[in-house]
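For clarity, chains are labelled A, B and C in written order, and residue numbers in each chain start from 1.
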Amino acid sequence: MTMSMETCIEINDLSYVYHDGRQALQGVSLRVNPGEKVALVGPNGAGKSTLLLHLNGILRGDGAVRVLGQEVAEPHLARIRAQVGLVFQDPDDQLFSPTVFEDVAFGPLYAGLSEEEIRRRVGWALAQVGAEAYVERVSHHLSLGEKKRIAIASVLSMEPEILVLDEPTAGLDPRTRRRLIGLLQTLPQTMLVATHDINMVAEILPRTVILDGGQVVADGATDDLLSDAALMAAHGLEVPHCYTPHAEQHHRQ
Amino acid sequence: MLASGVLPSPAPMHIPDGFLTVAIAVICWVLAAAGLGVALWRSGKTLGPRQVPLMGVLAAFIFAAQMLNFTVAGGTSGHLIGGALAAILLGPWAAVLTMTTVVSIQALVFQDGGLLVMGANILNMAIIAPLVAYGVYRGVMALAGQRRWGLFVGGFAAAWLSVVVAAVATSIQLAFSGTSLLGVALPAMAGVHVLIGIGEGLITVGALAFVAAARRDLLQPSDKPVRGLGWAAIGLAIALVVTLFAPLASEHPDGLERVAENLGFIDLAQDAPYEIIPDYALPGLSEGSPAATILAGVVGVLIVAIIGLGIAFAIARLRRRPMTREVTE
Amino acid sequence: MRDYFHVSRIMLMHIHALDAYRFKASLVHRLDARVKLVLAVGFIVSTALTPDGAWLAYALLAGLMLSVIAAARLGVGFVLRRSLVALPFALAAVTVMFTTDGEALLTVHVFGGDLSITDAGLTRFVSVLLKSWLSVQMAVVLTAATSFPDLLRAMRSLHLPKVLVAVIGFAYRYIFVIADEVARMMRARAARSGTLSLSEDGALSGNRRSGGSVFWRARVTGGMAGSLFLRSIERSERIYDAMVARGYDGEVRVLRHPTLQLGDLLIALLFALVLALIQLLARLI
């Protein structure tokens, strides 16, 4: 997997309107460089998921979206989709094949790779997420945590340069969440993670972008943004525990 | 014992293996394959790349919807078979594909319906039922114009008739196979399904009402290659063909055997010592007997309904021309 | 306690029953899925072709069935229980006892005349039951010894339409997901309508004050179906997006099925030979 020298993601003045007329995104601009790990935070309805869906052309708005130097439009779409690994919020939406193997093989299969290469990639991707034992399992027997890992594997098998994740830790119990965070730390790809899990952001994502009402309201180092209590409160976000002095920490039973 | 939950199938319409002769089963397979071929082709054209995920998930929906029961009276439940709902919500060919999927899974996973006779089950529940339903629905909608009652009357009539016609087709296949006496099977199956059809109609209307309120746009069929009149004609023609087979199977067993001989079916039995159509006197079908009356009644009602609908149709079409600027709600 | 709405017990308590597959380390389980599918259908066709009253043939077929069950290590009780599904339909064939020409064995007086059970009729009836019962058992073994994904691959390999097989695969995958949604909807409705109760047979139900007409109940059930429909459409859109995100272009693509092993082929031929011999025997005797 080669690291591109160009900017990985370049969004300029992106706007998008829903079918019912609501403005989902308004003049969003964003640049992500290779290797960066970026968090996308904001209240529900801010447009996070909508923004992510522009990165591989599932949604097309007004404005310029370039990924790995190429415009997100035909005829580049197939190649861009192989390079942008989008992990959806609900793994049941993403694991649609009868077996885990077929799900993880889906991307390489549609990329036109040889059978041998497909099998190799499936094995490798499952090993990355620690799920080699699940290869012949049927998806509906798996737990949420297992499904989330396999959803990531189904995207890793395409050997993308960029990983885009939508709420990866949502719904997970603490142990499974810890495991998933550990997994994300091991992955070398450029990462853009939309999440409500502010503690994970503080822990593993050095840069944060705050999205509210379809607009980028802040973009900078995680430490700077997240410790700014006023900024966080203004956009419905909580300050992570690690930035709160002990005396002020809310004590739970 | 058995009904309390082992059987997920709502209606006694899934024919098991052994109840149809190989000949009848094969004929039904051929017809089913033809219908399915058209359905795959047409739904592919209409839905494009979304065909596979959409049809798959909606088949799962039909499956799950079939498990919603409600108590009708005492111990009986009313529940959904889904052919009509599928046809109205998805269009006829997508409904054929979806219902075929449902019937296949019921047979493969639950042994609800046999493997050799799956062609017949597909023909009855996945082709005849949705197509009849769609025909009736479009017919009534064409009659009603933009008026609201069209949706509910059309939905109910479509659901009810599709269930009854499918039941009639099932009993005919059984009769042709010599497994059931038509004079008893047809009134029994049709009778039971006249009642089951009511439940089907009610739930279908309830679902349509909900969808109409929430997403009216989904109810406009996206493929309108044939106008309402054409579709009603097709659906009703199917119903008519099915009902016309009934007297053929019962009143002229000799005639049927002659037909079978001509078409080589008897040879298909490969010197088996049994006959495809047994030479028996039909005790129930002598003149004036109860079974004959019931049979005549059912067939009569169907034919009258078809003719009446057709006439009302033609009238509505003629009347509608100067009223094209009718104000909608 | 009346329950006016209930979800089939099988769904809430036995979601896993939707997966008919029971893993065992047996010869039958290891057989190529294509061979199993073809042989199962072949067996069913064979029973259907067996003449009425050819009791020896039926006995041999039953013996063959038992040996298959044994080879699959599934247990006769297990298979018999699952095969009861076909039993209610036997009612449809009852009339045949009375209407086939032959020597009357038992006569009853009914309005309209006499009805007699004839020997030929009884033979026919019992034969139909046997055919049906044997066929169901074979279908049970097929699905218990073959995982559904393998069955799908076999169907594709045997040239059933790719799109149809893909749709069946999706349906199978999402039945569980949607069944969960139904269960959640039922719980929500039950919670809103008063008492939430779990009846003796395990059905989750909600009570309404006695009353609430059939029409009302049908409408509510219909409303749930409608809501489920819309959610299903939305889900299928998200799934499509996920497919497109991984390169889906509308064509159904699959990996090649592994080649048929010689051993499996030999077993297939042997089985087919036995079936043919039984058919021959049935017609000679």
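Rule of thumb we're sticking to: contacts are C-beta pairs under 8 Å (C-beta built on N, C-alpha and C of every residue); 3 or more make two chains touch, one makes a residue touch a chain.
What you are looking at is a predicted structure, and each value in this text was computed from that prediction instead of being measured.
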Arrangement of touching chains [line / ring / star / complete / other]: line
Innermost chain, where centres are averages of C-alpha coordinates: C
Rounded Å distance between subunit A and subunit C, as computed from the means of their C-alpha atoms: 42
Centroid distance [mean C-alpha coordinates] between subunit C and subunit B, Å: 20
Chain centre separation (subunit A, subunit B; CA means) in Å: 47
Residue numbers of subunit A (touch at least two other chains): 96
Residue list for subunit C, restricted to those that touch at least two other chains: 19, 148, 169-170, 172-174, 177, 235, 239, 243-244, 248-249
Sites on subunit B at which at least two other chains make contact: 53
Residues of subunit C touching subunit A in the complex: 19, 147-149, 152, 169-170, 172-174, 176-177, 235, 238-239, 241-249, 253-256
In the complex, subunit A residues that touch subunit C: 53, 56, 58, 78, 81-82, 84, 86, 88, 90, 92-94, 96-99, 102, 105-107, 109-111, 115, 118, 138-141, 154-155, 158
Subunit C contact footprint on subunit B (complex, rising order): 2-8, 12, 14-22, 25, 36-37, 40, 44, 48-61, 63-65, 67-73, 78, 80, 85, 89, 97-98, 100-102, 104-105, 107-112, 114-116, 174, 178-181, 184-185, 189, 199, 202-211, 214-215, 218, 270-274, 278-284, 289-290
Parts of subunit C lying in touch with subunit B, wherever the complex brings them together: 2-11, 14, 18-20, 40-41, 44-45, 47-49, 51-53, 82-89, 92-93, 95-96, 98-101, 111-113, 115, 124, 128-136, 139-140, 143, 148, 151, 161, 163-164, 166-175, 177-179, 181-182, 201-203, 214-215, 217-230, 232-233, 235-236, 239-240, 243-244, 248-250, 252, 283
